[in-house]
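Comments concern the structure below.
We just call them A, B, C and D in the order they show up, numbering each chain from 1.
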Amino acid sequence: MAETTAHAAVHHAPPQGFIRKYIFSIDHKVIGIQYTTLSLVAAFIGMVLSWAMRIHLAWPNAHIPILGWLSPNGAPGGVMTPEYYLSLMTMHGTIMAFFVLTAAPMAGYGNFMLPIQVGAADMAFPRLNMASFWVTFIGFLLACATFFIPDGPPLSGWTAYAPLSAVGSVAGPGQGWGQNLWGLSIALFCVASLLGSLNFIVTTLDLRTKGMKLSRMALSTWAWFINAWVSLLAFAVLLPTCLLLVLDRLAGTSFFIPGGLVFNDQLQPHSGGSPLLFQHLFWFFGHPEVYIIILPAFGIVSHIMPTFIRKPLVGGWKVITFAEIAVGTLSFVVWGHHMFVSGMSPYMAMVFSVPTLFITIPSVIAVLVWVFSLYGANIRFDTPLLYSLGFISLFITGGIGGFFLAQPSTDSYLHATSFVVGHFHFTMGLSAIFATFAGFYYWFPKMFGRMLNEKLGKLHFWLSFIGVYCVFITMQLTGMTGAVRRYSALVDDFMVPLLPAYRFMTIAALLLGAAQLIFLYNAIWSRFKGPKAPDNPWGATTLEWDTTSPPPFDNFGGRQLIVYHGPMQYDGEKSEMQTSPAPSIAGT
Amino acid sequence: MAGKIFAVLVVLVTLATAYCVIAHVWWMPIDISLHGPKIDQQLEETMWVAGLLFIAGQIVLAAFVFLYGGAKSRTKQIPGGAKYLVIFAFAIVGLEVLGLSVVGSKAWGAVYFEAPDPNSLHIDVQAGQFAYYFRYPGPDGTFGALHPELISEANQNYFGLDIDHDADAKDDIVTAEIAIPVNKPILLTLHSKDVGHSFDVRELRVQQDFVPGLVIPIHFTATQTGRFEIVCTQLCGLGHYNMKAYLNVLSQADYEEWLKKQAAMQ
Amino acid sequence: MDHSELAVAQDGAPVEVLRREHGVLMEVDPYRIDKKKLGMWIFIISDACTFAAFLFAYGYMRIGAPVWGTPFGLSSIVNGVVMTAVLLSSSLTMLAAVRAAQTDNKNSAKKWLGATMLLGAIFAALHLREWVRLIDEGWRLFYNPTGGAAQFGATFFSVTGLHLTHVVTGVIALAFVTRGYNQGRYDQGHVETAGLYWHFVDLVWMFVFPLMYLMNAH
Amino acid sequence: MKAGCKIAAMAAALMILAAVVLYSGRTVTAAADGQITGTIKLDGQAPHLKPIDMSKDPSCAKTGSGGPAAGESVVVGPNGGLANVVVYISQGLTGNEPIASQPVKIEQKGCQYVPHVVAINVGQHLSVLNDDKTAHNIHPEPKPGGGNIPWNKSQMEGSPAIDVTWSTPEVAIPVKCNIHPWMHAYIAVVKGPYGVSSNAGAFKLDNVPPGTYTLTAWHETYGTQTQTVTVAAGKPATADFSFKAK
């Protein structure tokens, strides 16, 4: 024992000094907290952007002095311009999809928890891990920098469809350096994600402690592991897509720009490129991306639920894990359902429609597992569980919309309507956010050694749950009228009558956003003033609860861990730690 | 207590959503195309299937949360375990999606796999930032060639026609709105002069992107007269929200009258 | 920098393979490989996707273009064949280096590593010569002097440029590995991992050469 | 101490007074300068211009005069007078000409630019207003590399006026609205006195100091013409132009 601790110290001495300890740290726990904090900041920026958008949608000609003060260019005299609305929309999507939804549940919690859950002292490549955070950070700064350049942020949406995004500033405001910075920012994000995924995979495969067979891994670890594979392949394609886009913009190539384009009566010097090529490359990444966002959420919820329902999930680790693997695999063959009306061959539409519909089967299995695990349970309604239940409800609601959008015939009506916007906010947006909140409330004691205030947590949940449904069910259902997305004002005759509904959504969204201030207050206050957290406040079984809160530098204080069974050792009030040699109580 | 509140909330949300759908609070507009009813029917069927799954899912979730909130010393698994769940997913949902794929492909095929009627009225459509322009071939029935370098919006040469040298182009009728005769097959060729746009007429149940570099044909037959909006649904820049045009479905006589008036304005 | 070791438990009949990481016992996978090597494999998978996306873009452009530029005459093809031969032999020398490192023949390993680096540098030089010739002929990322599709330059320079970047990175990485190996900071595992990367770069060239050169010969 | 203050205050007041006198004196002398007047005619038949169909934006169609608006690229008055011609001094200026102090206004009215062509001094303020019940984007496109910076900005209904200046002479910068593709205007940025012809074809350049000048007339469709003109003190000179119809 003495020898092993000495060994550990040689290879992994705790760093001294503030900078090595908290800034350029190679400790996976610090990096996890850095990622989580970055996401939290990004989430609040993204939310404020959505407020500004919603206010503009509801009162497009209103003079709002604070807007004019914040952005004299984008809202001269406090009246937001359409191009600034689109810029805010683009940055809302970019910041939320990449820097919040992709980063928080995977890179944030995954970095902190995955090595602990498998019983390792750190990630396989700690320096690479640090590099991936700082590359993400630079990417985030580049994305934010677009707000401070004269031309403003890009306005071509988070999907950045070419040729709008590729031809440069002839296509209007927001297509100058903002779009270049966007491309570079996302390229950096890709690099960081690739490094992160590599680290996750190697750590899971190579650094499991004795007895931690694959079948005994925590369900969150499983989800991160599967997700790392999906991101590894998907981001590897987005990276060249961004590079080619930047080449088109800066080096004069024509990958995505066809010939004969005329802007402002000027014939453009490009020829031979294909906008559809961009769409294929983007969506080859883009559709797996929504699963990259939701798979960690699956894992977090599956990990949290058994603790609070005090029983294993139906079907043990296998059913839910195989469902996740199926979702991850199928996600690579469905991208064309984003392109049903894009001029792709109608036969290809059929080819993409069928796997898209079939991907519902593993998703339904996952939902059935969660819902039917509640049967005969002994539910403890702590905030993490409430958020998990909220996740299930939102995911069902959002998933249902998928039936309509997976079929080319119905999609040809609903495409690009607010039905789609509501659908993806439910599935990849709010479901993932709810799972992220569940994870936050669940792991906060472990990450910071303090308990969150449970009353404020519950209040935050109730307001968020009601608010989300008020905003997004209305959004999804108004889409049935054909209400077009990405419009900065309602000028079409058929959209003007929707104004009251849009105003309702705006007010609900503002309240929903205000409810997040409760969360912010709770998190900050509890971080410093909350009651001290015990090692295992929830009565859980996985390895992260088998060490102090927060864990020591090498996670287990040089202790030799031996794992004897899977994570779901619950039956009513009883539970057994994974490291406990006692006989299994629940079979898994 | 929290569980009961949660259950009640979920049920309320479910009922409210179901009400909005059943009462058609927000619903599709009238359907004026020959192929449209197939799409509507597909949408209705999907709504039934998906709606039932939605209600069942939320209600079962609410019920379990409502029922199993109390502290018990022992827990129990659902009889039969995961086997029945997986079977259910494959059997019911699998059949459902298979059915939707098969039926849906018929609706899709009816619109997109059929060749346009050879007697269709052919109208050329060009989208640009941020307006549509339409072109009728004129008396000679032939469209003039397009010369992008000649496009001059200042001189209202939106298509880049070489009127001085091209006899085919001279009689082309360029309009800012489109009029079509009712009950006549229409063939549109869509091309964009700059970025991606879309041709979306809700009442026709037609939505098709303009892809720069491609000429995309779509065809349909309108069955009712009226004036309908054409809106752009593909993000095209700052004026995206304000990019629209009108589709006038007219009787044959009115259509001819309209076309004559437009020709006089060239 | 992390160290793993294999140990055999001496406690009786079923011999158990144990592995230590940070001094504690680790679970052993039947398929387990050293984490550096595993990391390199995973990187290779991801990098292969990146190359695949570039080549997909190339195929898409090529099929869509009515007139495609075919600038390569006999001399270029010969040059390409020589480049291919050089890169293939560098794989062989790399193999020899790995073999030597595995048998702890340090001097031999260093020699073979040096040969690999030299061949890599020759490859890069020949490649740049080809580029210079094309640029002299007027080919650019956005311009085709023969009047066909401008995408030839765009795809050729970006695909081969990406590959060239890999080769140059590889040579630099090999230099670092050789130095570290010479000083005893790196072991045979590092040499083997570097070898994996080198073979992958070679393998990619086996796709790039026929697709970018042979198909574009006139 | 107090006395010192008083002296300083008086000195300051005197200096201000002197400055005012000098400045106003300058204006007075300028007013005594000459004037160039003239008319511009179109020789031949005005081309047929397609009327503008604004049905794309119903709020434009509503504010219009009922029927479709006329095209604006050639506007000919009753006696063959050619409107929208910019007349300015292209040679012979001393370089010390004052910058006109009143801002030039372009209004967006009924989805057209009013006026269709404006002239403006380098450094003079241009104010763009939106009177319509719809949004416009104002998109001037100066020649690249010419010194003037292109921009493209939306102006919502009820937004404050956009105020800009131009740094380099350029005849003429095209301006367009992408939301309403038919909307076009031209901004001629010049140094020294300028005039724009009215519907009757008449123009007037004020405050021209005595001297011999090259006068240039520019029209968006018919290009430029020049002629030499001599202005004597206190005496208006005349210069007529005639553009040939294509």
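Here is the rule we go by: a contact is a pair of C-beta atoms (placed from the backbone, for glycine too) under 8 Å apart; a residue touches a chain by one contact, two chains touch by 3 or more.
Just so we're clear, the structure is a prediction, and the values are computed from it rather than from any experiment.
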item	value
Interface with more contacting C-beta pairs, comparing A-B to A-D	A-B
Gap in Å, rounded to a whole number, between the CA centres of chain B and chain A	30
Chain centre separation (chain A, chain D; CA means) in Å	54
Length of the line joining the C-alpha centres of chain B and chain D, rounded to whole Å	47
Chain A and chain C, separation of their C-alpha mean positions in angstrom	33
Chain D: positions in contact with at least two other chains	134-135, 137, 152, 154, 176, 178
Residues of chain B touching at least two other chains	128-129, 153-154, 237-239, 242, 244
Chain A: positions in contact with at least two other chains	81-83, 172-173, 273-274, 489, 491, 493
Topology of the chain contact graph, where touching chains are joined (line, ring, star, complete, other)	other
Touching residues (chain side chain B, partner chain A) in the complex	1-3, 5-6, 9-10, 13, 16-17, 20-21, 25-29, 38-39, 42-43, 46-47, 49-51, 53-54, 57-58, 60-61, 64-65, 68-78, 81-82, 85-86, 88-90, 93-94, 97-98, 100-101, 104-105, 107-109, 111-113, 128-129, 148-149, 151-154, 160, 193-196, 198, 200, 202, 205-209, 211-214, 216, 229, 231-242, 244
Footprint of chain D on chain A - complex, ascending	60-61, 63, 76-77, 79-83, 169, 172-173, 264, 489, 491, 493
Chain B residues within the chain D interface of the complex	128-132, 153-156, 158, 175-177, 237-239, 242-246, 265-266
Residues of chain A touching chain B in the complex	81-83, 86, 155-157, 161, 163-164, 167, 171-174, 257-263, 265, 267, 273-276, 309-312, 314-316, 319, 341-343, 346-347, 349-350, 353-354, 357-358, 360-362, 364-365, 367-369, 371-372, 374-379, 381, 386, 389, 392-393, 396-397, 400-401, 403-404, 406-410, 412-413, 415-417, 458, 462, 465-466, 469, 473, 477-489, 491-494, 498, 501, 570-573
Contact footprint of chain A on chain D as seen in their complex	58, 134-135, 137, 139, 141, 150, 152-160, 162, 176, 178
